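Shared between the two complexes below is chain A, which has chain B as its partner in the first and chain C in the second.
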Partner chain A sequence: MNLIAQLLPSSNVVVDLEASSKKRVFEQAGLLFENNQGIARSTVFDSLFARERLGSTGLGQGIAIPHGRIKGLKDAVGGFFRLESPVQFDAPDGKPVSLMFVLLVPEQANEHHLQLLSELAQMFSDREFRESLLKAADADEIHSMFANWGSDAPDQLSAAL
Partner chain B sequence: MKIIILGAGQVGSSVAENLVSEANDITVVDTDPHLLQLMQNRLDLRAVVGNAASPSIMRQAGADDADLLIAVTQSDQTNLCACRIARSLFNLPTRIARLRSADYVEYPELLDDNNFAVDFSICPEQIVTEYIRKLIEFPTALQVLEFADGMLSLIAVRAVAGGPLVGHPLADLRRHIPNVDARIAAIYRGEKPIIPSGETVIQSGDEVFCLAATRHIRQVMRELRKLENPIRRIMIAGGGNIGYRLARSIEERYEVKVLERDNRRTDFLALNLTKTLVLQGDATDEELLESENIEDMDMFLSLTNDEEDNIMAASLAKRMGARRTLALINRKSYVDLVQGGPIDIAISPAQASIGTLLAHVRRGDVAAVHSLRRGAAEALELVAHGDRATSKIVGRKIEEIELPRGVTIGAVVRETGQHRLIHRENTPVMIPEREVIIAHHDTVIESEDHVIVFCVSKKQVAKVEKLFQVGFGFF
Partner chain C sequence: MSALNGLFLLVGLLLFVSVLASTVSARLGLPLLLLFLVVGMLAGEDGPGGIRFDDFAAATLIGHLALAVILLDGGLRTRVASFRVALWPAAVLASWGVVATALVLGVFATWLMDIDWRLGMLLAAIVGSTDAAAVFALLRNSGVRLNERVKATLEIESGANDPMAILLVTILVEMLLTPEKAGVGRFLLMLVAQLGIGALLGWAGGWVLRRLLTRMRLAEGLYALLIVSGGLMIFATANLLGGSGFLAVYLAGLMVGNRRCHATEHVLRVMDGLAWLAQAGMFLVLGLLVTPSHLVETLPLALVMAVFLMLVARPLAVWSGLLPFRYQAREVAYISWVGLRGAVPIVLAIVPVTMGIPDSRLLFDVAFAVVLVSLLIQGATVPVAARWLGVEVPPSDEPVDRREVWVGDRASLDLLEYRVAHGAHAEGRHPDDVAADVGGIDVRCVSLVRGGRVHPLGLDTRMAEGDSVWFVASDAHAERLARLFSAGAGHELSAHSGFFGEFVVDPACPASALVANYGVVLGEDEAALPLRALIGARLGRALVVGDRVTLGGIVLTVREIDERGVVSQIGLKCPVARPAR
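Right, the complex of A and B next:
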């Protein structure tokens, strides 16, 4: 199993989320982590917004990987959102974002967390992967795509790091 | 960014004007449809007519999706109420309020998240007052701006023959004042900016911007023109909000006279000012100026609400012998017309106060923004974050940083690691000691440094912000 699959519970995958702005998506992300992981929604919201102020986490090609440190969090945790309609994100290519992976890490971020980020970036740089995420029928299908990523191409991971 | 501006008055419209160009999505709310129409004629923005402090109007303005609320109506109460609503009903992440009354500012707990939920408050009148106070303190400067809570100053001075550095290359500055580290950030010859190097020779008439630790700026100014006698006698035309604040803050140190037309206002001024001489009358009245010995005035400040009156009064005062004249003028074309002619310094209240607001709006960690040369140039104080891998700034020598053309790094303010004990409201607090480092080509920027950047043209600001943004890998 790849690193990402370990921190993405199937209940943290949301498809066709209706949100009209970055702010709304972050609110929804806060709600999700509050319900599923017991992290206060305002903590998630504030952390993501504060990080975004220092520089956009948009990657281009409609992808963003907002991330933030959370005080008191033990292990990194992720959430994936496919949006009903794309939102503005100040991405480098100026394109609005429709696929978003939110990554929360403990306050003392370390090498491991950087590895997680680079593995995510590697996943999303694969055009086929992006396209199948957009086409997938439901959350379960998306979750298994994350779980199986890299299993048929073991070299991809090491190439990313 | 999605931004809601409450109030289409002078502050609101100059904020809008500054932000509209930066690819933001802006909605302005005001009760006056005429004011909104005027703004829409000039700028590409959305307008909503209604009471800014009501939930339904706020929703109509897009509060559900907005990143930032700027509440700058004339009413403190409306602004406070709007911030609370934005926080409680819309979870709007950043809220800025204009507060004119000093009353609220004296109780910071009122602004916290449990009360009015104001992240930042600004008082344009207070900022303009401070701005003028600095110019009285340094009467030969065109502009005096502070960074890093006043540790560092940027001054604009017109070089005059007789100053030791005038007619000499900049490299001589070090020889003249070896114990002072200063940096000439830019020189304007006429309208043309000159990027300074060690060989650049300063000419009489040049407008020179220098950065130095605040305690050194007098010495640096002395290099550019002979120091004049200090200011003692000041006449202020107009006892409105700014005139009154200013008189109150300087009356202990200077001989101050205030001219005010409205007799109810003069009663108020006489009651609330202790040492100032309050006179009723019109500042454009030649006889009155003469009988009040205008020729003995070291400084004449025209601070009424009417910019035409300000121009007339200050021009008149200058002709009648006032040593230095200053006027509040909003219209840029007027400023160009009179500054350097009959009026020594023209101040645009909107330009002077907008920087404080822009600092909170800009992307990245921006601590201060100062508008220079009537909005054409800008100086910023940015906080560097990250490391060599995630930042384009941190861990690099200044000569290694890819600065856009016309942009210079002037200085850095850095925590020394030492702490100092101070007493704040009888409670001891440890505050970190900081030092001013004037930038040289081999100065290495560290994370958390406050970096002072000078942009000769406003067009470069967006690039500078980009440069200071952290990379994707930053947590």
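Right, the complex of A and C next:
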């Protein structure tokens, strides 16, 4: 199992989320983390938005990985959202975002947490992986795709390095 | 008549062969200049051509004329904006750099060849300057985009360092021929005259030419002739008055080329052809002039000289000259390596021969061989060394083609062409929607070409891979538009994210945001700075695209710089986990 799958509980995978803007998506994300992990939704929202002020977390090709540091959080935790209709994200290539991985890390963020971000970017740069995420029937299928990523192609990561 | 036509046929044939052979040189990765030189040598006395040519005076004539044209063209294409990062470093290299190279190499040559120290110094001075023709041609045709600091330094240096080399050669020739007249005061005066008169005439002449170009209405083809003839007058006048004609004509080109007007495009297009002709002609003639069998005799000597120049003299000169400017070690290494020698040393080596200095044929042969070795080894490794030393930056996002349409004297429209790449944002969308994303009503699609034909634009038109689309838009939108038409290569989510980092951040954002979001440790005064100022403060020099700063594992890379020299985009890269195995 890879680093990412360890921090993505299956209950944190949401498909076909309906939201009209970046702001609404972040509100939905806050709600999810409040229900599942007990992190106050406003904390999540504020932390994600603070990061966006530094520059968009949109990566291009319809992918975004919003992230933030959360006070009092013990372990990094993630949530995956597939949006019903893409939302504007000011990504470098101008494409609206339809797949979003939210990453929350403890306040004492260290190098390991930064590596999670590049690992995520690495994962999503795999075109086939992106396409199958868009096609997947339900949340369970997506969760197992994250869990299996890299196992069938162990050289993917090292080839890209 | 038949002799005359025989000459025409020969000239035509040599140029024709050189042009055809240029397609091969690109594939072999050899500099084109070297090829012209080799064609000339093959046509010469030792080759199958068998032409005897040892008219040093004619070679000097052609050499000077061609160098003037090449420097004019180089000036026309040098952006004054590049002075922002490299004017002073290049000026130091063009003066101190030449002197230092000549001193170090001169001492070595005197010892190695066991000759009069003035002869040794003369030889070193001859090969002391880098060559504008070679540097311009190789940097522009090498297919790599160099970090702007390195590129501008090399280009400005090569355009401006010939006066110094010429001065040194003149001084040493005088010391050999009339040692009683030589004096430090006289040489200083000569230096001041060379630089002062050259700069003044170049500036004034360029200013006049620029005014003429914007005001006059001529047939399209005549604009370039206006500039070439004007440039030649400036070159000759400067030389006649004791100034540096090379410096003057380079400056004149710079003045003319940096004020766009309705005629600039015409001038540049014709000048491109003329510069090629000058290069081909000059190197062919120089190739004809040399006697390859003599070269073989001096080759071991020349090889040692060339290696010492490349690995000791030039690096020492560059390192000492750039010390105050805080260049990175790999930048210094690259600038040292690309100290290309070319036509200038050969033309300079003719001077002592025509002046009748003893042993000057030996000097000529050694200088020629040093140039050959430099072009062959350094010239062929321009792209490889750039990659190796990490001074390369990804190609900028640019339109496939751009045309300027001048309406009146001051106003112009930019027509920009883009091609739709697979997976680009523009694919499958209407041109107007893409235009609206970038510049609102400032950007207008005027035509869509599909399969070589103009495709009628309708409300339901969707762009497909391979379409070429023409927009009317201000040049300021060109890069942003280009990004919508390009796609990241293979494994990249956005264009060049592998180099700049996966995220794009706002340069105006205070650095404290890095502290808040990533736990980066910064001093209080640093945290208050905008990101662009933080990078500037850490590196302590004018920034160029590709400059990097590492902060607690995070790498910030300058991604875009606007025309005023302000950082307008920064890339952020997170550290990559080492695969556990």
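Here, the second predicted complex is superposed on the first by the 156 of 161 C-alpha atoms of A that agree within 3 Å, B and C clash if a C-alpha of one lies under 4 Å from a C-alpha of the other, contacts with A are read in each partner's own complex, and residues count from 1 in each chain.
As a convention for this text, contacts are C-beta pairs under 8 Å (C-beta built on N, C-alpha and C of every residue); 3 or more make two chains touch, one makes a residue touch a chain.
What you see is a predicted model; the values in this text were computed from it and never measured.
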Side-by-side fit of chain B and chain C on chain A, or clash: clash
Which superposed partner A:L3 touches (first chain B, second chain C, both, neither): second
First (chain B), second (chain C), both or neither touched by A:K22: first
Partner chain(s) touched by A:F45 [first = chain B, second = chain C, both, neither]: first
Which superposed partner A:K95 touches (first chain B, second chain C, both, neither): second
Chain B versus chain C as contact partner of A:V14, first or second or both or neither: neither
First, second, both or neither for A:S118, with chain B first and chain C second: both
Touched chain A residues, chain B compared with chain C: C
First, second, both or neither for A:S56, with chain B first and chain C second: both
Touching both chain B and chain C, residues of chain A: 51, 53-57, 59, 67-69, 109, 114, 117-118, 121
Touching residues on chain A, where the partner in the complex is chain B: 20-24, 27, 45-46, 49, 51, 53-57, 59, 65, 67-69, 88, 90, 105, 109, 113-114, 117-118, 121
Residue ranges of chain B in contact with chain A within the complex: 1-2, 25, 64-67, 91-93, 363-365, 385, 469-475
In the complex with chain C, residue positions of chain A that touch it: 3, 50-51, 53-57, 59-61, 63, 67-69, 91-95, 107-112, 114-115, 117-119, 121-122, 124-127, 157-158, 160-161
Chain A-touching residues of chain C, taken from the complex the two chains share: 423-425, 437-438, 483-484, 487-488, 491-495, 497, 502-506, 509, 513-514, 516-519, 553-554, 570, 572-577, 579
